[in-house]
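Report on the following structure.
By letter and in written order, the chains are A, B, C and D; residue numbering begins at 1 in each of them.
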Amino acid sequence: MSHTVRDKAKLLARVRRMKGQMEAVERSLEAEAPCGDVLQLLASIRGALAGLTGEVIEGHLHEHVVHAENDAERDKAAAELADVLRTYIR
Amino acid sequence: MSHTVRDKAKLLARVRRMKGQMEAVERSLEAEAPCGDVLQLLASIRGALAGLTGEVIEGHLHEHVVHAENDAERDKAAAELADVLRTYIR
Amino acid sequence: MSHTVRDKAKLLARVRRMKGQMEAVERSLEAEAPCGDVLQLLASIRGALAGLTGEVIEGHLHEHVVHAENDAERDKAAAELADVLRTYIR
Amino acid sequence: MSHTVRDKAKLLARVRRMKGQMEAVERSLEAEAPCGDVLQLLASIRGALAGLTGEVIEGHLHEHVVHAENDAERDKAAAELADVLRTYIR
């Protein structure tokens, strides 16, 4: 069972919390709240997104690369990971 | 008029696009899609979030720090900016 | 007196420590050390660089933007800051 | 042969270039150059460091995780990679 299936409830809860944070940004912009508040909200979403992404990356590395069922799956999973890492490490 | 008010429609459109991307992550997790797909979606949200945050930061720097109405507003806006930058530059 | 002049000794000490870390990477590569060791060294340099950059950015924001001697200096310093932030927030 | 050995000359050249950039920061601080110049140099080192780290990470993932000689080496290499990624994805 894939880690994103096993941890489905936990991951979904984190995603929905982030959606709530985005809705808070939406409300702040609509209400013309001070720009400093919008910045704080965006920074908190960034932190939540990094936490979620880090967790999914570690699960992906562990399950689909290290414990792949075969070399073909391992190669594919490693290529997916390399793609995502290029967006982070630059 | 604050930059987040002047650019309200454009900023709201970007936030709603990100919410849509987050809903796509939600659907992928619910549908037990391959973890590589979830990773790609998360990386694209990160890019969108960075773009939006960068734009709001520049507007904040320009309008509330450089062109503040008084020294008190300038100090406050600069402190808000420093707080957000600490979450990025580490 | 600019913050980079006032804090010169402290900043130079941090720069020289980072140079030492880079020389450690150089030695590891020359000695064909395990790649995991090289990665750890690179990650530690990144942390040191982020710390130093964060400190210089805050000094720059405080001294050359908030407490600029005139509007022209403030505009120039803010533009320099915006340039550097674009390399971080993406 | 490990990728850091195979690519030794190329990797050493990149590290030495970064050391040269760090020496430029050192000279700028000693000469009390404008702080904006120091910031630009630090941002360019960050870019060089990210490029080098990204390359070593991909080599590590490919050679020591995907094409490990045995499961024990694969587990160890994956754990090393996870450690480094945690410093980036936060």
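Quick note on the criterion: contacts are C-beta pairs under 8 Å (C-beta built on N, C-alpha and C of every residue); 3 or more make two chains touch, one makes a residue touch a chain.
Owing to the predicted nature of the structure, the values given are computational and were not obtained by experimental measurement.
> Shared touching chains for subunit A and subunit B?
Touches both subunit A and subunit B: nothing.
> Since subunit B and subunit C are copies of the same chain sequence, what is the angle of the rotation superposing the Cα atoms of one on the other, rounded to the nearest 5°?
Roughly 180 degrees of rotation.
> Subunit C-subunit D contact: same residues or different, taking over half shared as same?
same
> Would you mind pulling out the distance in Å between where the CA atoms of subunit B average out and where those of subunit C do?
Using C-alpha averages as centres, the distance is 24 Å.
> Round to the nearest whole Å and give the separation of the Cα centres of subunit C and subunit D.
15
> Rounded to the nearest whole Å, what is the centre-to-centre distance of subunit A and subunit C, using the mean of the C-alpha atoms as each centre?
Those two chain centres are 28 Å apart.
> Got the subunit D residues that touch at least 2 other chains?
Those would be 47, 50, 53, 57, 81, 88, 90.
> Would you identify the shape of the chain contact graph, picking one of line, ring, star, complete or other?
Shape = ring; chains linked end to end, path closes on itself.
> Considering only the defined contacts, which subunit A positions touch subunit D in the complex?
47, 50-51, 53-54, 57-58, 61-62, 65-66, 74-75, 78, 81-82, 85-86, 88-90
> In the complex, go through subunit A and note every residue touching subunit B.
It is residues 2-5, 8, 11-12, 15-16, 18-19, 22-23, 25-26, 29-30, 32-36, 38-40, 42-43, 45-47, 49-50, 52-53, 56-57, 59-60, 63-64, 76-77, 80-81, 83-84, 87-88 of subunit A that touch subunit B.
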